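The structures considered in this document are given below.
In the two assemblies presented below, chain A is common to both, partnered first by chain B and then by chain C.
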Partner chain A sequence: MSGFKVNRRDFLRVLGWGGAGTALAGCDMPSTVTLEEGKEDVVAYFMPEEYVIPGVGVWYASTCTQCAAGCGVHGRVREGRALKLEGNPESAVNRGKTCMMGQAGVQAHYNPDRLTQPLLRDGNALKPVSWEVALKKIAEKTADIKSDRVAWLSGTVSGHQAVLINDYLNAYGSKQHFTHETINANVWQAVARDMLGDAQPVLRIDKAQSILSFGADFLGTWQSPVHFAAQYAKFRSGKRGILIQAESKMSLTGGSADAWVAVRPGSEGILALGIAQTLIKRGWAKGDVPAKVKDMLAKYDVGMVSNATGVAGDRIQRIAAVLSQRAPSLVLAGAPVEGAENAYDSVAAVMLLNVLLGNIGHTIEPSVQFAETRMQARTGGTRGVVEFAKLAEAKKLDVAFISHANPVYSAPGFVKMKEALGKVGFKVVMTQFPDETAMQADVVLPLYSALEDWGTHVAAYNAGSASISFQQPLMEPLYKETRGFGDAVLALLKQRKPKEYAAFNDYYAYLKASVTNMPAAVSKDIKNKDQIWNALLQKGVLETKGNVGKFKINAAVEAVAEVQGDAQFPYRLLPSARLGLWDGRHANSPWLQEAPDQISKIVWASWVEMHPITAAKVGVKGGDYVRVTSAQGSVEAQVYVFSGIHPEAIAVPLGQGHEEYGRYAKGLGVNPNKILSPVFDKKTGEVASYATRVSVTKLDKSARLTHLGASDTQQGRKLVSTIPAAIYRRTEGEA
Partner chain B sequence: MFYKHVCKLVLPPVLMFVSMLLMSGAPARAELAAPPGVTPPVGTYAGADVAQPIEFPHDIHVNVNKINCMYCHTYARRSKVAGIPPTSKCMGCHKMIATDKPRIQKLTEYFEKRESPKWKKVHDVPDFVHFSHERHVKKFVFDADLPVENVEQVCGLCHGEIKAMTVAKKNKPLTMGFCQRCHEANGGPGDCWKCHK
Partner chain C sequence: MSFKNILENWSAFRKDAEAGGHHKYDHRWGMAINLDVCTGCNACSTACYAENNLPVVGKERFEKGQAMHWMRIERFWDDADKQYPERGASYLPMMCQQCGAATCEPVCPVAATYHTPDGLNAQVYNRCIGSRYCSNNCPFRVRYFNFYSYYETWAEPLNQQLNPDISVRDKGVMEKCTFCVQRIRTANDKAKMENRSIADGEVQTACAQACPTGAIVFGDTMDPNSAVSKLWAKHEVKRGDYLSKKPKQHPEKRGYRIFEELNVDPSVMYLERVREEI
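And now, the complex of A and B:
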């Protein structure tokens, strides 16, 4: 080296000047990435509407279709492009709020993997064809078909779309409309119908002083999360309500609870009966139950329940005390309870608590009856898809229509949906994306996105307001060869009943004529149909007058069977759901893949969640790969070790494991639906999707888990102050 | 050796800095006066010639016929973008005026096809820059009580003397330094998020 010396201080001084120079010069460097004169087109309006100003957004009311909750939205449109979605304050469901899935609605619309042309099967391949050819093919195949050999399988549908599906099947004389939703509240609804005489009672979380939730993730995935989150905010303000979450894997709601109680998976119903027995024994019960039920409850003393559920006896008594002291209370049951083999009886046991605590009529109110029954939401569970597959498997179907669902991905593996569909003569799939089901179709009809289509929606959980939410296009369709769902079904209907539907050129005309003739839409002040229609679209919501129903309480609850262990498969598999990827339908949205799981903070992947005790037994640490094996098959993923899960449970989240579904979803992670065992809830016929037993084996592979946050603890830094529950109890006297 | 490396690293930016200081002494184009009380932003730029679908003559419209900038770029005072006038607006005049000229005949062809010409963008800032015409027109025209007929002086601060051109050509750098120095001289906001949002 040369003898020239630069000391550290001089070096930094020079560097400082150089840095300043670079920084200032940087401000005058034109960006070579985005500044290209004469490269970008700028096209003026040909003849603009008066209110349109380029650069200024216009907001239109519409309805979110990202899940079945039916939230009203406002979409911002600028220069003819839909840019942003926010909640519509007029909607009783969400009152101006949206969740992350709602926010990601624009990504479903602009997704580069959307189908742009109808596809027709030619041997093993699907070839692009015109709508005329596709519709002609359907007309040929359905020309003289018998009523019982045609079926429609869909996700939740409501409003005029449901009416059209119904009318189309009626044209054949068929009643075979099956509905399928992996994330559902079917058992809760069945129990509510039997015990209260109302399948969708209105829940008032905001009026409750205490809540005991058995795995009901009402802030994340249960029924109408945005609606419940707003109620929850009220529940927590003012006199702060107490939330106790009893479940075997911590959900988003469990993470927000004051007390999180780990319950042995499948024993939630027994815990509910144990609390019921405590209430009766202590004389805390406010509601009355039949003597037969009291006799049945007698055996559920604290000792027995504590043994069966793994929850300490004093804790059971304390929960009972909190619920009875902090009245009105509310007791809920969600997916883990509704997915157990004793689902119906367990949920009934939970509802019994509401009866005993006197919540019926206070925090559980009768729903508002919706006059237009044909437009009511047709929700589904897992029973529908199993029944459909059985028909298909038995070669009892010549033609099947599938819309709003991706059953080849979401049906349990034992259903063998792909093979069953292979035995259906002719399959028509209506979808936006090249998903697993579309790949098995004979004809694929590419649909408009939710931001391009017309529709009316009636929320399954109607939040105490019988209203119709309108969906209107926010922008012109991106692809010329796509059509609206309503337009497609209308075209099919015209094949069957040309005369009846001749008056309607398109779904828009049908919808406008139909809506403006509804008694609820007609007002004294406005006579002109165009005015009625425009006012409705502007507001986005039509509230209909409905009578409030009456409850008929029937508390004849039966005992809950204990779930059986299995030496070969020592753990129960929890196919947990989360707000974001939902049942897997949003796996093709990069925003929602990138939004971490609320509990594990993992992104873009599947994982196997287990308790530290379980991890020690299996001999693994976080990041190690394991194989989870059930009697039906196995999946492999990395381990995430977490204390918020029962040691007898293993959670593999829903949402990943797509074999098709575009560039963002395909080939990521695993699908726990595929290894579910054929266990059913006997009373409802729903698949007991939380009742599969599995074993876990270590694989000789390990990698870093991709998740936010390097540490699960505060590393002793007291970022959030905490005190032990025992001290809190001594000083505050609460749960 | 080491010092040489430092020179290599440091000198080019330093030279640029010095040359910028020298550049800032150069006078702006004398023809177009700045609005009273406004220190015009400093810097020039030799923009490329951009071929447009129709060679639109700004000079005839502004210099000869004295049409105000905001008559056609009507969104400048209402929106972040100044806007290209709708084709129907062009035809408002050109149904009658200069219908024998080839450029107008070409425009009429577009109009009859109910299409707008695909103009090429000349003045652009990167996507991470939020520039609002509305805000600048408000400050320099309406709040300053500048007679609206003189609005070209305000437009000219960033666009130069458009009335001397046929199709527009970029003749100011529109870089961050250009914006920043004008904001400092005329009391514009200095917060990062005012523009980068």
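And now, the complex of A and C:
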């Protein structure tokens, strides 16, 4: 499609054809809705744009970019405005469903604090300039740059956006693309890669009869929550699987557990090894493990494990019994385990349970290999941002590009990202919002919102099928001086390689050409190149051909080191993730700020969660302010007392504490990332973000905690009635 | 309730539809919410904000109990006496229960809240004078009063997201969950134009459509073949007068309606949460 020229009008025409067939059941017709029964006819007194019928909503397929899960969405557009997002039933990720962050996608688009013009640094201030000036400045600064002195730092990117970043860095001969996600599953993936030979195995929660989750918040913040939630609904029907959640702070998933087991923070891996030892000792193990591992396990008898983890011995044996009886089972490890200083070994211990229980191949399946590796999601963790900062700190970078991430806010405090960026010669930040990182930039390129932009996405967690999800604009850009991410990178590429990219007028042309010219090996659907494009946009997803991989099990698991205490800092800090504000990127959405935290029900604030035992020790009650101090600094917030947390842990949720980021986020609450200690998991190099030790001191200040609900208990009323599973099995359950 | 009704046939009027009372329903929209798969994730609540032009009130007003969340997730701890909440949290999605014998309706001095022929408790915004009697009388606490002109708080261009299918309410007006009446009316119009009745599943409320676990099922409880009717029947929950009702044939079936003993005839059936003893 070289030289394909498209203007807005044509583009909307294409959209119209693409979207007309996407009309959903329940799609709008001219309506005369009032709450009264009477009818009234509304006649529009204007000539509408093409494909705009006053009063008629049209649905377009696109992709949600609120997190890296890559859910397909349908956007409702009326009179040229995007109004509402629903799940795209065609998407294998979310099958027509959405989470709260997906619902708030429209608020990221209509956010009043969006950047509307490129900014250029002039001394201490950022001054608005035109795109031409901004791009010219970048061209100047990058003219004779050496390959190892340029880097790109991003959040999760995939599809053709990832290809373009890659191509741009290649134009310098650079490979320095760092990725950063505070909420990630990097250690899980590393362990899966080493033990199964597949970094992204497909999890079948729906097939499991019992699940033991070590802090894996798969219904809230782990990998692909909407996908897992649908699987969870199946898991809970029919025979009704058992969910056991072992963690030191109740997560959203823990709230739905049959049994919530409080574990001493950092000892999850030891608990896993204790269960493994019980399985072997009782002869319940189905899978085989090397003799060396069996020897290593010998010391993890129930007494020792109970001591180390704080979980009663009979409980450990009972969990082992449930898992072996209710087969197939599934054992998962999430953020608190992946963030411990013994992260890799702990997660490996968890994976060992899957091997012993014979789950490999049953509830853990090999992933489908995606044919176009360049389009695969480039996810990150915390290692990338630390490495990037080291380079910057050592003055080894002349130019840095930052997109899809806000590292000045989200990097651990000890990284000193702001200071490190100060040592980079020239920083280009591509973002939608005036965030903390943008404020440090030399050039800020304001981007389209997800509802205005083009793109292709490959889900970070591959939900059992390799597919490409399409992102198309739902409406005209709100601001003239913003551009699409792809357009911006394409403009940069043209500076480096004018000839190669001259054929593409814009990212739309590039994308269309790239997709329709994908080899047939990628998808059987790609036959008629002219028709395929519109069909893809209409459907929103392209299933690609992919080979199902094979597992190669390596169960050579090592012992898990016990975490050490510290008299000066008696508690472990859990920077817990929230479905909603996520890693802080959604703190500027008023809906998500006002949506109560699922566990504490607190709104518009940060808080410090602690167990009643801890609260008594510190001498505080709910609503009192405390100072949480680590070796790296301190934060102050109100106390929320509840018993769903281990007495040796305190939790400060992620998401608040923005110094910039618009009117809804700025100045609200605290950011626990800023007081993390520089502790790392040795084997993966990831920051052990759950390994910071803190002390808590009472402050002479107290206020009511703003939260939903007047009562924490049902006060004897039949509001949420609970029955034992035995009754369920009698009346509805399958044998 | 008109004076004519009272004079003509008071006894028939006092009976509900099942007992031969003279309500003539076209539909009776209802819900089934499975608390065993509700994870308390807030997707429904946020979807409701997006669909129904609900204002965000901010921290101070939230503290005063002025939040406008038509659909809210209540969270209870049932193991308050134990060291740990070992059975997790109890989540309750709570919104207007669209009662068949609603306590909010008869107390409205201006008949701003009334019963529609499809079984909804409707609120006529431009008739409402803000007495708040209805809210006082609602046992579920699901009516929300506009203490302020919240439309002034939608910072440009957030206001462009407002759903044109329904109005933005002004100060002094009571509002609440409508079962997404705009979606019902749109589907009704479409069905009428095509000379057919609404098919089951054609209308979904925003909350039901978003719910990641499919815990919320919405439909016409008068249509015996609808998914929601089947669930009501399976769990032996029937509409009508609580006091004269026979006990369930299988008392262990999970269906129940909250505060049914108040005889308000809610249109939302909840399915009990299940927990395994480990």
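By our rule, the second predicted complex is superposed on the first by the 653 of 735 C-alpha atoms of A that agree within 3 Å, B and C clash if a C-alpha of one lies under 4 Å from a C-alpha of the other, contacts with A are read in each partner's own complex, and residues count from 1 in each chain.
The rule is simple: a contact is a pair of C-beta atoms (placed from the backbone, for glycine too) under 8 Å apart; a residue touches a chain by one contact, two chains touch by 3 or more.
Note that the structure is a prediction, hence the values are computed from the model and not measured.
Colleague: Give one of first, second, both or neither to describe whether A:53 is in contact with chain B, with chain C, with both, or with none.
Modeller: It touches chain B, and chain C stays clear.
Colleague: Looking at A:708, would you say it contacts chain B, chain C, both, or neither? Reply first, second, both or neither.
Modeller: Only chain C; A:708 stays clear of chain B.
Colleague: Would you sort A:287 into first (chain B), second (chain C), both or neither based on which partner it touches?
Modeller: neither
Colleague: I'd like to know which partner A:685 touches here: chain B for first, chain C for second, both or neither.
Modeller: neither
Colleague: Tell me which touches more residues of chain A here: chain C or chain B.
Modeller: C
Colleague: On the A-aligned overlay, A:100 touches which partner chain: chain B = first, chain C = second, or both, or neither?
Modeller: A:100 sits against chain C, while chain B stays out of touch.
Colleague: Jot down the residues of chain A that show up as touching in both complexes, chain B in one and chain C in the other.
Modeller: The answer is residues 25-26, 28-31, 33-37, 55 of chain A.
Colleague: Please name which positions on chain A make contact with chain B in the complex.
Modeller: 1-2, 4, 6, 11, 14-15, 17-18, 21-22, 24-31, 33-48, 53-56
Colleague: Please give the residue numbers of chain C that touch chain A in the complex, ascending.
Modeller: 35-37, 39-43, 45-47, 49-51, 56-59, 62-63, 67, 69, 72-80, 82-92, 116-117, 122-125, 155-167, 178, 181-183, 185-187, 189-190, 193, 201-204, 206, 209-215, 250, 252-254, 256, 258-259, 270, 272-278
Colleague: Give the list of chain A residues in touch with chain C in this complex.
Modeller: The contact residues of chain A facing chain C are 25-26, 28-37, 55, 78-79, 81-87, 94, 96-100, 102-104, 106-107, 109-112, 219-220, 225-226, 229-230, 232-233, 236-237, 240, 242, 244-245, 250, 252-262, 315, 318-319, 322, 478, 579-580, 590-596, 598-599, 601, 603-605, 642-644, 663, 704, 706, 708-709, 711-714, 717-725, 727-728, 730-732.
Colleague: Touching chain A in the complex: which residues of chain B?
Modeller: Against chain A, chain B makes touches at 1-3, 6, 9-10, 13-14, 16-17, 20, 43, 47-48, 50-51, 75, 78-81, 83-88, 114-127, 170, 173-178, 180.
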